[in-house]
Every structure is written in structure tokens, then in C-alpha cells.
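We just call them A, B, C and D in the order they show up, numbering each chain from 1.
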């Protein structure tokens, strides 16, 4: 167990879990909790993307504090024990040989730390666009470079670091060279509004888009039916087993 | 060697521990995480005549010491349950027993599920969920004495399999409903379902749950569940399945001493799927430690005078 | 500057936060730990016509996320309440309001307490505890519609002071009881009292609580309390006092948004006597942060359709 | 905050609390908990006798693990924060100039660590009789000597340390010289059966006996009426405000 404060309200956790480390695929998540003896939040385990794994069996999670549950996770100390269930859910699917554009909003960065590093090693051309509100929230670009082999293109809404504006602007190539070239696969993880904006563009412009969505989860394995998101066919989809990664066209995007 | 086997509902249960309806899907989802065939059995997600789409998100959220849910009884409906879910249960559970949780908007709908399932194989009997709003009458079977009597009587005519009625906790005197079930021909009771609750997102000034209100479950309701199980068990002679907040062998033993023959583990499975097996092992350890030969000796062994309420 | 003052029950409350009956004695015991005169007020321990000795120990125990109690309404009785307790309240609380929690075994006993107190000074009105077993009829006023109507009507004839009826949570539809109180002349409602619960000492195979069963309170019941407060507030036009599991400003705001005009803090005082003041300050901070001018704007401001139940 | 494992299932806690340290009287207790944000046991605060105090404002508690609440207290770590309410309750009252006999059963030792040391300094002749089930449960006699100025007379039921038998035997002077001499005040804290045995003797033999009793507590300050014990006049007594120290004759001792 290693815990490191990496940005405003954001912690990097490394946990021992050889089984999850070995089996995890890009975009999958774990449920992390503290077992049945623990009543304080998180009483229900919380979903977090696999943000990294090591050969030695460690799993990295990028945890941003939203409420009491994530606050407790962020206050874990070396020697504490947590309960991990995973790896869970459907991963991202890359189109063989095609370039990959990862669009990360906030802690939506987590799955791409994992994916970008390994996919590059597998020979993919991966570009990582990473947006935050402001510089103090940004996960150190040098650290990202160390984890993924390349520094990300950073956007901040207040312009305090990298390009000013929203990370979705980056998809246009604003402030940078064009990115939507070579029949890329776009992968996105971040706030619902960001995913919706990208889904709209993908529908209009026809690029392949996979999104990783968030919803409250109970079981993480498909039994509780708690985690549904609306499908394009007006059927619900379970974020835990049918997602969290969906083809954007599979989901209903009406606000 | 301690003896956890009991004869209930005409069959032998190898363990008193079952998985609660709505918290274990149709079994298969937990097959890799829980040794299903080593526990007492499971209760399926509610089955209705027609498929139900369920409620909008958020469907669940955490509450102090528990959770709230409003899934809206999403289920595949009778036909697909028989075609897609029952075969797996039939083939994979040899010693564990399956109860099918049944819901309906009217007595006719409940009866249709029972009639439609009764000829199939792969399950033991029915757990009748009467805490579901009856849209026609605007009331609930579980809180309307004559409607409940009529429903149970009607289902009794449809099947010879065990009928277990799952009671709701929000009544002043659960003993009345327990007796009605017994008199109308039920074989057992399940106590309890969730408590109505509301969780407010104070920043958005809206309910957290898409359906506005939901049902509260988990450790928070344990003492209420034990009380209602005790009260129901004292009020009739049916075997009672104790449910609510169980997460350890000691929790289960509270229910068993209060009068439960079997117990169900629900919310705790989300926190740790191995909780069901741990509850079973906790009971074994208690029997060992206290030199109790068979679990049957413990059922209702609580030394206490009966409820003050009529 | 935010405005926490509200006019309720004919007087001004400087804060919506009160201390709940049975958790603050008669005020004096907490005088050094809680700045009583800076909050909305307090509700005394139940007062009955004759003194009551109360139940044998254990009277309290911890439950998951809460506690269970069976004090048995131990109290000094009407005469000593007037002689020994009321004078301190009269002299020491200038801005905070006092409600006297009233219990009885029969309508006559309730009426005798109200009649006996009504000419005294030092309190605002009555909180009528109807979750107390009526030994004569074997039922409870709080779960018997006609008995409740009769009781409230009778007390109405005894006093012009505010009558606030404290409802019990274990009814299928609290709205019915809310409307009965309104129609019978009550001025307000308190929701909710504790849930019946049973805690078993599995080693001794006996109830932990001397009285066998008791009432469950604390954070565990928060979502139930918010639901019942919302339901009661939507069902009538009386001001409602929200109670159950409150330990922070956000908890209190859940109740207020759901329709509570005032709130009470109970169990949390045991955990930390400064909780009442902290709840008050948490509400102030929320008003500040959200730019809400007056607390009145928040009462019932929850955006949600009404309860599904009738 | 200092935490020290001192005997089987028994910990010694030292907490910073200048106000309690200054005001505590012998036999008083504190309610210790973790505040309203904490749901795991102890959710309700738990009563513990003041077992020591220092000039510098530290308070010592002797904590034996019975259930989940005391287990959590025993697992406190340096830097953790707890909530203390106290000092609470009625203290022991010594008869001026008379010898004092403290009879401690198990962690009933705690109040006497506090009392014996200070009362001896105040010139009282104090004898401490201390019983446990077996040696592994005994709080180190050398440590007791350091805290109180004199080693206790130790009894263990299995005879594994000190005198074999029950500490109540010590009141007879069994295995030691006679102790009930010089019109002593006997103070007792320990299991109910021990207190009952002593109360019976005190009634028969007429020596002054004060006992410190235990009962489940909610508030610790007299508001909840949760902590009653039966009085000799068949009125209940609140252990928190009318006790925890009672004259043995004030209570009903029928099993």
C-alpha cells in the first residue's frame, strides 16, 4: 500500500493485488471497500478505474475526493487493508493499427494512465488529451510521462496550465495540430457533459467513440441492477457489466 | 460435528443461509464469487408476468449504516425467466434450493406467475413479495388484511409447492399479517423487506434516488428485522426466514434465536460477496464453541416474554 | 446575513434546531455543555400524571449505526415536574422554547397532564407522544385512527397552547394520521419516534435490553425519518418537526427540504453534546454558501413528486 | 496520545486533556468516543475510569477489550483523535485519617491506580488488593508500583501469579496479614459477583464499603436515564450521576 497526494483533492494509491494486476484490461475497474465490519462511508464499495498495474502485482488507483467515501480512501495509510473486487466490466477495444485518441476530463484520466502506457508499448499511436479546471488539479505531466511514455496535452479551463479551454477543444486540434486524422478511435472518460459533447460530434462527424460512464454501483457484478444508464434503444444498460465502456452510439445522449 | 441441516418446506436445507431476493440476480452472476451449492440456497430477483423496465437512475445510494434502493423490480418477465434463467439454476444448483420471488400488480398477475412456473423444474417454491404497490387498488397486499388473505388463498389453489410470504415491516402489528398468511394456507414467512426511505441531495435540492423514495436495507435495519421476525414467529406456527442487515454469524444467530429457521443475506453481499459463506461459517463456529449439537435447538431459543403489542 | 428565525406555533424560533425528548432530560443536565438559549429549544422527557419507575437495565445498547433504548418513560410525574423541573426551565431559557412531552395510558391521563400544566409558565406547548402502549385497550393511540382523533380532540379542549403530535413510524401510511391530527385540531406534528427493535445477546441467548424490545434511533433511521417527514408534510398543512438520526447541518437540511419547519437532535447529543450547536451552524453555513436569504425558503423546497402510496 | 499493550487484551492509553486531568477526582470516569462522524462501534461513547493523570495534562485509561468498541479504542494509534467528556460521576470518599483498602477485580484496577498513588501522597495508608484470572492478564506489578508508590497484593484464580484464589479472599487476610483493621474504608471495583460478595460481608461485618458499578451508558451526564442500577429502596439510581461510586448499602444486592 502506497498513498501519495498528487494534486488538489487527488491521491494516488498503489495496492498489492497480483490477481487483479495480472488480469486487468484497459478500461476495467475495481470495487474498493473495507468489508462488512465497516459501517462508515464507504460502506458500499466504490468503483475506481484501474489506473496502472505492475509486473510485481501492484494496482494503481487515482482517487479524487468527492464525498465521504473517497475521502476515507484518500486517508488510507500504509499498512491499512482494503477489499478489492475485480477486474470488472468491459474494457476499451482498440482498432488494430489505428491511432488512439484518449480524451480525459479530470480523474477520467485514470484509465488512460493504464491504457496509454501499455498500448504504446504494443505499438499503438496514442495521443492523450487531458483537461482539468485549473493547474492545481492537474496530475503532474512529468509523472504521466513516466507512467505512459509521453507527456499529455494539457488543457485547463482557466488557462493556468497548458492550453486554455476545454479538453474537447483539443479534439478539434485547437492550440495543437489536427488530431482526428488516420481514422482514429476516440476514447473518452470524464464528466457527463464532456461525454455528451463528444458523442454529439461523433454522431455528426462519424468517428469511432468509446466512452467510459459513471453511475452509482452496488455490487459491481450485475446482480443488483443499481447502475443503469439509458441505452439508445430505450433499454437500460448496466454500467458494471455491459459497461463501463460503451460505444457512444449504444447510449441515449439526450440531456 | 455440528449439524446445520434442517428439514423445512418438505426438503432438507444443508445450511440456514440463503441469498436474498434482488441481491444475487439469478444466481449465475455470483457463481464465480460465491460457492452457491455450499449454502442453503437463494431467492431470485422478483419475477413478474411481463418484463419490467424498472426505475431511472440513481437507483441506489449509501445511507448511514446501510443503503437505499429503488430498482423498480426490473426483471425479464416470466417467459424469459423460464427460458434464460431457470435452466442455469436447474443445472448448477444441486444441493442449494431456489425460491422464486414473485410480484404482481394484481392477484391475477401473481397467480399467472405461479401458474406459469409451476410445471417447470429447478426451483423449490415461491417467495411472494407483497410489498409491491397494487396499482389497481392504490394499496399494497402487504398492508391490507383482506387483500392479503385473498391473494394467499388464491395462490394456494395454484400450487402445491411451498408458498413463503415476504412481509413488509411498516405495519403496527406484523403478527396480524403472519396469522393471516398461516390461515390462508402459506407455508412460511420471510421477514423483512426494506423500509421506505428518502435521501435528499441538499445541494441539488432533489432526491438522490431517481424514483424519489426507495427501500432501506443493510446493518441499519438489523434490530428492526430481528424484532419483526421474533414477533411474526411468536404469532403463528409457520417457519420464518429472517432477513435484514445480516453480515455475520452472530447477526444470523440473533434472528435464529428470535425464531427464524432460515436466514437471508442481502446488502452484505455487495460489500463482500464472501459474506454469505462467512455467515454460514460463523454459525458453525458458534455451534462448535457453545457445544450445541444441532441448529434446530437454537431456533426460537431466546428467553424472553412475548411482544407487548397485541 | 442569513435569517434563521421563523414564526411557528405563534412565536418566533431563533433557530430551527431543538433537542429531542428523552435525550436532554429537563434541560438542566446539559446546561453546562450546550448553549441552550442559543438554539431553538428543547422537548422535555415525557411527563405522565403519576411518576413512573421505568424499565430494568440494560436500558440502552448500541446497534449498527444507532442505538436501542427502553427507558420505560421513567419520569418524576406531573407534580414534581411542576415543582422541580419547570422552574429551572422558566428561569434559564429566555429565547429557547420548551415543549413538554406528554404520555398517558388513557386519554384521561393525557388530559390530566395538559390540564395540570396549562396554568403554569415556562413552556410553550405540548408534544403528545402517542407511541406509548395504551394498557387498557391493548393498542396505541398512534396506530388507531379513531383513538387518535378522540385524543387530539379532547386535548384541544383542554388548552389553547400549541399541541404537536409525535407520530410513530411503523404505520403503512403516515399521511392518514397526519390528516387526522390536523382535522382534530392539532397545531403541528413531530416525525418520528423510534422504530421497534430487538437486540439479542447470542452468548446468553437473551435480549440485551431488560424490557426485551426497545426503540431504535440514531443515524440508521435518518432516511426513514426524512421519508416519513416528507410524507406527513405533503399530507396536511401543519408545520412538521423532523426527527431521526440528525447529526449535521446537512442531515437537518434533508428534513427541512423534505418539509420540516423545525428539527430535533436526539441520539447525536450522546455522541457529542456539541452536535446541536453544530447542526445549527451547519445550517447557517449552508444558507451562506448557497446564498439563501431565509430558512423559510428551504422548507419543503424539495423538487419531487409526492409519495406513491395513497 | 500514547498506547501500550500491558497485559493480555489490555491496553494503557494516555491522552492529552488538561481540563480533565486538572479536575478529575478519584473514582470519576470519562466518556470516550469518536464524534458524530463515526458510525462503527463505539458509536455511543464508552465509560472508562480515570486511571491516572499527570501535571502536564495527560489522562491515563486502562482499557480491556470486551467487544467491538473497546477493541477500536485499543487499536488507537499515535496521532488519532478521540472525544473525551469528563470528568464525570461521584468519586470515592475517604474517611480522613482512616486506612484505605482497595479491592480491584480485573480492569477494576483502573480507578485505584489513580487513587492509590495520590492518596498515599496525601498521607493515607492505602493497601491495594488486585485479582485477575491468571498471570497473563495482570497489569505489571512493577508498573503499578511506579504509578502508585507501592506494589499491589496480587491474586490469580489459577494461582499463576501472586496468591492463588480470589481477590476477595484477600480481604480476610488469607495468604497475607489481616487487613480489616483500624476501621478501614473498603473501596471496590470489579465484576458484579465480586461486588456482591463484598457487599454481603460489609452488611454482616459492618465495615464501610464503597463500590464502583458498571452499566451501559448513553450520555454519561444524567439525561438519558439509560444507566440505572437498583437501589436498596427499590428506586433506580443513575450510575453516571448518582454513581458510579455508591455506598454499598445504597444498592440492592439480590442476585
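One rule holds for everything that comes next: a residue touches a chain if its C-beta (ideal position, glycine included) is under 8 Å from a C-beta of that chain, and two chains touch if they have at least 3 such contacts.
Predicted model only: the values in this text are computed from it and were never measured.
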* Structure fact -> Contacts shared by chain C with chain D include exactly none
* To do: Tell me, please, which chain's centre (mean of its C-alpha atoms) is farthest from the centre of chain D?
  => A
* What whole-number Å value describes the gap between the mean CA coordinates of chain A and chain D? -> 55
* To do: Would you mind pulling out the distance in Å between where the CA atoms of chain B average out and where those of chain D do?
  => 47
* Structure fact -> Chain centres from averaged Cα atoms put chain A and chain B apart, in whole Å, by 37
* Rounded Å distance, chain B centre to chain C centre (Cα mean) -> 33
* Structure fact -> Note: chain D residues in touch with at least two other chains are 37-39
* **chain C: positions in contact with at least two other chains** => 64-66, 218-219
* Asked: Based on which chains are in contact, what kind of graph results: line, ring, star, complete or other?
  -> ring
* Touch relationships between chains, expressed as pairs -> A-B, A-D, B-C, C-D
* Considering the complex alone, what residue numbers of chain C touch chain D? -> 22-25, 29-30, 33, 45, 53-54, 56-62, 64-67, 69, 71, 74, 218-219, 247-248, 268-273, 275, 278
* To do: Can you check the complex and tell me which residues of chain A touch chain D?
  => 37-40
* Structure fact -> The residues of chain A that touch chain B in their complex are 33, 35-39, 41-45, 69, 83, 85, 215-230, 235-236, 241
* Which chain C residues qualify as touching chain B in the complex? -> 63-66, 68, 133, 138-140, 143, 168-173, 195-200, 202-203, 205-207, 212-213, 216, 218-224, 226-228, 230, 245, 250, 253-254, 257-258, 286, 290, 298, 301-305, 307-310
